[in-house]
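Same chain, two partners: chain A is paired with chain B first, then with chain C.
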Partner chain A sequence: MTSSSATSRKALSKIASNRLQKELVEWQVNPPVGFKHKVTDNLQRWVIEVNGAPGTLYANETYQLQVDFPEHYPMEAPQVIFLPPAPLHPHIYSNGHICLDILYDSWSPAMTVSSVCISILSMLSSSTVKQRPEDNDRYVKNCRNGRSPKETRWWFHDDKV
Partner chain B sequence: MDSDDDMHDANDVESMDEDFYSGEADDYYNSDNADVDDYEFVEDADADSDVFTARRHQQNYIILKEEDIRQRQENDITGVAGVLSIPRDAAITLLRHYNWSVSKVHDAWFSDEDRVRKAVGLLAKPVVEHPNLREFTCGICFESHQRDKIMSVACGHPFCITCWAGYISTSIIDGPGCLTLRCPDPSCGAAVGQDMINLLARKEEKAKYSQYLLRSYIEDNRKTKWCPAPGCEYAVEFAAGSEGYDVSCLCSFNFCWNCTEEAHRPVDCGTVGRWIMKNSAESENMNWILANSKPCPKCKRPIEKNQGCMHMTCTPPCKFEFCWLCLGAWTDHGERTGGFYACNRYEAAKQEGAYDEAERRREMAKNSLERYTHYYERWASNQSSRQKALADLHQMQTVHLDILSDAQCQPESQLKFIIEAWQQIVECRRVLKWTYAYGYYLAEYEHAKKQFFEYLQGEAESGLERLHQCAEKELHQFLDDESPSSNFNDFRTKLAGLTSVTRNYFENLVRALENGLSDVESHGGCSRAASSKNGGSSKASRGGGRGKGIASTRAGCSRTDDASHWSCDQCTYANARSATTCKMCQHRR
Partner chain C sequence: MAGHEEEVAMEVEAVQSVYGGDCVVLDRYPPRLHVRIVPRTADVSSQQFVEAVIGISAGPQYPDVPPCVELIESKGLDDRRQKCLLDCILDKARQLSSCSMLVALCEEAVELLSKMNHPEGDCPMCLFPLVPEDTERRDLAFMKLMSCFHCFHSDCIIRWWTWLQNEKQTKVGEVENEKGLESQGNCPVCRKGFQAKDLEHVLTLISSYSSKSSSEGDVAEENGELLQSDSENNRRQRFETIMKVQEENNGLIEPKKDLVVLPGMYITPTITSSTSGTTNDNMEQQQPRDEAVSLETDSCNALNQQKDKAVAPVRNSIGSSKPRGTIEHRNSSTRKNSARNARKPGKHWVRKDYTSRV
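What follows is the complex of A and B.
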């Protein structure tokens, strides 16, 4: 993430701030299995550690998710990417962008960081092959200059993995 | 493109189109028996004329203004709400889901109401119920709220008013997707209808929502489309199964219902699409650049070499000096390489085959470009000629008609033939324009067709030229007359005759092309002989027998028909033997 896109981001609205506080409290009481929130004092950017579920291709592997919240969260979806190195997965690009509908078109304000994390883990767990998306190189090339995955027009063509 | 010019002629163009293809003899929409009588339409003319007259004003489309659209939409909504006994907003949700087809809604609903309810999110009863709670936790902000601050749609999932308003607002800002808004709960598909929007959205959001709803009524409906003219807000409802796609909007724009490009008979939609794509695509420019330019070896900008020596200097700021032949730096060119003007490096490289591929590509591109340019130039010049004719028509109606009426002591109603002539010219230019796209895509190997086509097109060009000339030049002398001219009646007869002949010729041309020139095949050797003969002599015949009707041309190949026809002295139209006056120009035999 380049500094320019980080600074251009607007501060959280009051509603967003309140809601995130609540989510954080809920997370501390009842964290989703396999995830660890790395505590910082930055409410607007969460870094979350993901442990591959046992018995899947990603067992014993650890990855890091970076979740950035927009000003009008939760009306707008958070931006969720894997920090390098991103897991090898048919829906995860080498720059960490994730092709998952709930992060874009199908986002609903009734979803939470916790529910997003569970969806991502389930996406990892159901993978049968460790490989990059077919269009990885083209896509990643187009995303230089720190473009956000939320600016991508995603095409969710496969709901099996 | 032509909308500006078309604008001020709104009414004329419209009236023109109304009776354009529905002359007494032939019917525009009737293509069933057209292949039989394509060229020898003369004999059937009398018999069919009554039928055609009866059908001539049949219009297969309706132009809708905004109030018409709202009215229709409202009728459909109240109709469905009444028949299914459901609330208004549920009816909207249903109609939208079934692309505003009332019959589809009825069919689906009455065959399996539960399935339909599930698909569109119209729940019959709530999925969560908490009748006795006084406080609720909003599913979005996770705050507790009093019951009166909490709302939900049919499913019962509780969200506070503020979050609902934010949810709705975000979705309306996002676009027309707000019309299919569902409950925020990810597991719930309950529809959020217009009633909820009206309760919670801001004024401008409600307006936007209602605009999306209106647009959906036109855009999602298979029977309606917006007029594609820029700035036009009318929509068109088209009757399914009707023949002929040409639609004339109230804004005066004529377009094809099927592909929404401008009206393009006789060329089919696919060809038009390819042609327009070809014109707009940078591919032709690319071909030109490839054929006539080379990139500067340093800055890669394409450079066109008009003439002169091989010593090129790129434009500033690059200013790179290089050799056109080998694209090497000019500084390398000297005694060592065989002198400045004998770049032997090129010859050497060519022998080695290093330049062959690039050269051959340039050569091929150049040929295909020449062919395209040939057709494009003629297409474009007929287009601009049409624009000019439209302007002249306008000028005629607003200025010249008045002057002429004074000069020749004729009431304007007696001068209608001049307007008709100009309207004919405008239409013919349009048809002619598209025949060039047709010609471009006519397969090279179909020699007979191609020859016949080019003959027909040549005749059309010259026939129209004759009419255009008469309407433009010959008319002018009468404008300056001090007193009424005795020749004016002759002029009237001539121009009216030419108009009518040209109209007939073009109507037949349009049909012939729409049939893919099927005559060439079905009449086998006969028409091939005729067409090649005519094709060969078309240059000559343009000088002499200009604007000959296709009918009379065809008579040449089937001699037996000759006896049953006579050719009019004035307009050359081939009349049935029984006729005593010319069907076209009323000239006596």
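What follows is the complex of A and C.
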């Protein structure tokens, strides 16, 4: 078991929990278009419904995002994955892992759940083809023991989709 | 007609003389200018929170038809305040219709910016207002990054800074030491690189902040510990020494340039007279105290080693007036010089080559 998945199970720090409460309130007042937060009493794991944007390949489709917050959020990025079934997309693996730089190397503590959601919807919307990443099978096999996508060494090579 | 053109040309000259290098004249006639506007309080650059470049372009009918005014760029102003600034300037232009107004419009902009010269909105890190409404907690200081003017609560940006430093240290080897010292991080909002001067400013603010906020809420408490640490006290001590040198030199040395900033500086122990043994002792005492520094023991050792390296250039620079970069540069140039002197034939050859070309 690596250290990073261990930290993700640690309870939220006070700072993280303050910030998340603030985000939740802001979300309730002004949710990003196309998203619905499924209310639970768990602040550390959000499940969010995504509706494909009209006029895109994913129009009229609904998916679920699972967002897990680490102890030191927002210093550390949240872990964001699609719950099965994950949308068919060249950057989304069948296990729900998303290849998107802002979730890993390019995370900034000024980003919010809301801004991450918008980025993911934008990634979906700009897709021109419904297919899995080329290395899907190999990658998913490697992640079989429940590895977090945050432990993957991602290569971000495609800035078009 | 020619008289009119001359009048307008004189106006442009007037703007130039008032704004100097901040005024760029794109066209003399009909006049097109870009003027950088800063609030009047901007003598202390750390107290400047907003800045704007306005573009003024007048047509041949100027001043009967007021010029177009646009915002070329701005820092520290959100959309609402940008619009407000522009609307007010345009209002002024309508009021002054058929008068010479180029200087007056710029002055109006300065006036407006002076009124707007405070950070606004929420801290991008914690999402709470930068300037708390209840005056009780006023000393929860905010700060801006000097390069991009994005504002944060001081403790929020410092917490992130500490976090970045720790991350860097656990990734030892990935970044070369020298390289790592130059640009330390990126603005969380716009990703513009942190400059050393940005952090100086943070740290200067912290020292004034900590003196005010010893008994604040829980966030202040956390930082209070950090801010009362030996290293922070040492840092302030050193700063005061440098200040004294400055005073003795009739203020010829600027304090900001003197304050040499290195990664994790406020947890760097004193450099003045302690032996390396005590230096390490100090560090081991401080680390558990610093809440954000939660490193495992092996990376902690790596951290100490790195710190020792990082400390070295500071020793050179105590009491000197040059920023760190310059010192390095000077060192390397002296090294080059001595190398050249040592190898006389080389020098000779250079000279010969030069004369032959002449």
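Simple rule for what comes next: the second predicted complex is superposed on the first by the 153 of 161 C-alpha atoms of A that agree within 3 Å, B and C clash if a C-alpha of one lies under 4 Å from a C-alpha of the other, contacts with A are read in each partner's own complex, and residues count from 1 in each chain.
Just so we're on the same page, contacts are C-beta pairs under 8 Å (C-beta built on N, C-alpha and C of every residue); 3 or more make two chains touch, one makes a residue touch a chain.
No experiment lies behind these values; they were computed from the predicted model shown.
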item	value
Chain C versus chain B on the shared chain A, clash or fit after superposition	clash
Contacts of A:Val129 with chain B and chain C, given as first, second, both or neither	neither
Which superposed partner A:Lys14 touches (first chain B, second chain C, both, neither)	second
First, second, both or neither for A:Met75, with chain B first and chain C second	both
Touched partner set for A:Ile102, first chain B, second chain C, both or neither	first
Which of chain B and chain C A:Ser115 touches, first, second, both or neither	first
Chain B versus chain C as contact partner of A:Val33, first or second or both or neither	neither
When the two complexes are fitted on chain A, the stretch of chain C hitting chain B, from 59-67, 167-175 or 293-301	167-175
Where chain A meets both chain C and chain B, residue numbers	15, 18-19, 22-23, 26, 72, 74-75, 108-110
Residues of chain B defined as touching chain A within the complex	139-143, 157, 159, 162-163, 166-167, 169-170, 184-186
Residues of chain A defined as touching chain B within the complex	15, 18-19, 22-23, 26, 72, 74-76, 102, 106, 108-111, 115
Residues of chain A that touch chain C when the two form their complex	14-15, 18-19, 22-23, 26, 72, 74-75, 108-110, 112
Contact set on chain C toward chain A in their complex	124-128, 159-160, 163, 186, 188-189, 191, 218-219
